[in-house]
Amino acid sequence: MDKPTILIQLDCDAHASVFDAVVALDAGVDQLLQYGAVEPMEVRDLVHGAMFTRGHADLHRTAIFVGGSDVSAAEHLLKHVIRTMFDPMRVSVMFDANGANTTAAAAVLTAARHLKLTETTATVLAATGPVGERAVRMLVRAGAKVRVGSRSIERAVAVCERASQGANEHQLLPCSTGTPRETAQAIEGSQLVLSAAAAGVEVVPESVWTSARGVRVAIDLNAVPPVGIAGIDPSDHRQIRNKVTCYGAIGVGALKMKIHKAAIQRLFETNTLVLDAEEVYEIGRSLVSAPATN
Amino acid sequence: MDKPTILIQLDCDAHASVFDAVVALDAGVDQLLQYGAVEPMEVRDLVHGAMFTRGHADLHRTAIFVGGSDVSAAEHLLKHVIRTMFDPMRVSVMFDANGANTTAAAAVLTAARHLKLTETTATVLAATGPVGERAVRMLVRAGAKVRVGSRSIERAVAVCERASQGANEHQLLPCSTGTPRETAQAIEGSQLVLSAAAAGVEVVPESVWTSARGVRVAIDLNAVPPVGIAGIDPSDHRQIRNKVTCYGAIGVGALKMKIHKAAIQRLFETNTLVLDAEEVYEIGRSLVSAPATN
Amino acid sequence: MDKPTILIQLDCDAHASVFDAVVALDAGVDQLLQYGAVEPMEVRDLVHGAMFTRGHADLHRTAIFVGGSDVSAAEHLLKHVIRTMFDPMRVSVMFDANGANTTAAAAVLTAARHLKLTETTATVLAATGPVGERAVRMLVRAGAKVRVGSRSIERAVAVCERASQGANEHQLLPCSTGTPRETAQAIEGSQLVLSAAAAGVEVVPESVWTSARGVRVAIDLNAVPPVGIAGIDPSDHRQIRNKVTCYGAIGVGALKMKIHKAAIQRLFETNTLVLDAEEVYEIGRSLVSAPATN
């Protein structure tokens, strides 16, 4: 009989996420080992337990999920997980702290239903947070031109630098979006506006995006009003507002969940995967048949 | 294939109860997620993970169990659980911190095997503890007259006030039971004496309850001697002592366990249940065919 | 339908061992309850939850595993586990903190493939650590003469005293091994040299053991170089070096894992087992057909 599939949930919060646990179980994981309050220094022993218990032939039936609400703390855990493993004793790993990878992937793939990304200019607002930066990386990979908006031009530049690998020199443009006027400028001429702002921070007044020329799709990833793009409702799903096709966080939620589950299942196909932003995006892309519908 | 049933065990103790875990698994729960040392402020995120991961059609296959040895701390957790949920995104919840609900229900239903509760006067001793107060509420609901005994008449009055919802004005009587003489008075004329005293506290000397007139059933819920009703043994099960039918904690244990398991199973029938004292009592009632045997 | 088998993992480390968890699941345990950071004072309630939830007929389907990287702290937990249980409400318990029992058993049984232990003199180096002391106990039980080596003769004497139960007076000899010369003396005339030294501590220079007369088998239990017996590689498995058959930690790892899994399975056959050093050794012995191959 096959050995059970085991997912080891390493979470930087005091309690390992219920959300991630339920999704994992619904994806068909046989046995879930939950670890909360995981410190970077504790990762090595936990990962060794995954590496040294099953023979190489069964290592693909063990995997690690790194999560938690603090994306930056979780990224530290991921680094330690990757650093601990060596060939051929690897197990696959997925990173989705705060849902950042699956949310960004769902947003970009939703946009791709309406726009041909290789011909799209996208403005990502609050692009320096974990979801925003991941959306930027995915858009670049998909061939879009991306305006990277932040109140701090320095942080926008830093995101552009990190996202520039594999991008051509015209794909990334840092934009200061500290005032409505600057934001209007950043949006003007974009076909896609995507906000990854923190809860309760409005980054675009309604008058700004509805008066901008060329905007065809607007996506706001905040699940709780007030949202970042004023006028969008979290449950918007293909909602036409002022001729713009709008989506809210709940509106992209079904796709996000589908991607999350598919990524978990992919973990158990081989023992060498590291599913971070780009890989999660590719898994999402394989799920949607996404011809531009314009 | 059906999604697995998932029970989320929220426990206020440092380690989530093994007892509650084993009962849940024996009740057929597919996957148990254990959380110990849960603080009220952490409940929201954990419950959101239960609410937002499965579609409405599958929400009845996720449920929450609130437990722990500190009943009052666990009640705080329960409040936060209930406050977090909203229609229609609910999952069912069971409360049984320190076994208080299932123990009280087993005790009252055991009494009902021998007495017609609508015609019974019951004296509950140490009625201001969590098990005692729950037994009072269940007895009132079953139509009994209840004398609510406590060393502190103020606390007895408070319990009566909280239990009075749905009760008629003659059903509840607070009694001071600070001395053997007062206790004798509280018992005199009752058909049922039920003690929910803390471990090692004797609330009724043997001479008091054996000389009281009218007592037909005596139940003591302390599993470790000395028990609250002197002369009862924890393993008493329908034991006749001085013409009184006696039960100890272990004697009502099998029924308690049966109620606990049935309640867990009930959780997964619909997504809107809150199983606290009254609801657990009703589940117990549906399990026993309890004609009065007097 | 049979109740699920439940293993309760009590671990003194902050996070319950992933290693022990995976082995348990691969051994077929249906449901694993993991408890990390367990304090001795918390054991009682956890064990009561195992004792009082299933009827006697099903108690053999619940068991406890005591582990953690700090063997001495875990031994305290084990003491509390054993002290809590009473007849007939027992569940079986296995102790393998830091893999000490399964590692020692695998080492001694590996030696027994090449040597007739009743006719063997064995020198155990670093014999006062948890693995070393367990190997001494197992060798004594198997009828070998054992030289118990330690830098501290007092600690060596203490180990001999603890291991002397059931031994005859000529079986145990404490040896000071503080210098290469003393170590050479301790090894001289032994057929088996077994090192259980801590990571990075070389206890035998290569020139010492290769020039000693009579040594036929050398086993080093450190998985990370430098190892205790200089010249042995952790992956040595039946490797002949200077006419001596050598094994490293990884070389005995497959047998260690086999013993660990078999011991877990044995836990669920009856409810009264305490699987510590000697019992784990016996389980290992039943697994190997170990005729001396000299």
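By written order: A, B and C. Residues from 1 in each chain.
The rule is short, and it goes like this: a residue touches a chain if its C-beta (ideal position, glycine included) is under 8 Å from a C-beta of that chain, and two chains touch if they have at least 3 such contacts.
The model shown is predicted, which means the values in this text are computed figures rather than measured ones.
Undergrad: Any idea if subunit A and subunit B meet via the same residues, over half in common, or different ones?
TA: Here the answer is different, because the shared fraction of interface numbers falls below one half.
Undergrad: How many degrees of rotation bring the Cα atoms of subunit B onto the matching Cα atoms of subunit C, given to the nearest 5?
TA: 120
Undergrad: I'd like the Å distance between the centres of subunit A and subunit B, where a centre is the mean of that chain's Cα atoms.
TA: Taking the mean C-alpha position of each chain, the two centres sit 46 Å apart.
Undergrad: If a residue has to touch 2 or more other chains to count, which residues of subunit C qualify?
TA: Each of 34 in subunit C touches at least two other chains.
Undergrad: State the interface residues of subunit C toward subunit B in the complex, per the touch definition above.
TA: Result: residues 3-4, 6, 8, 31, 33-35, 37-38, 42, 45-50, 52-54, 62 of subunit C touch subunit B.
Undergrad: Please give the residue numbers of subunit B that touch subunit C in the complex, ascending.
TA: Residues in contact with subunit C: 13-15, 17-23, 25-26, 32, 34, 69, 253, 257.
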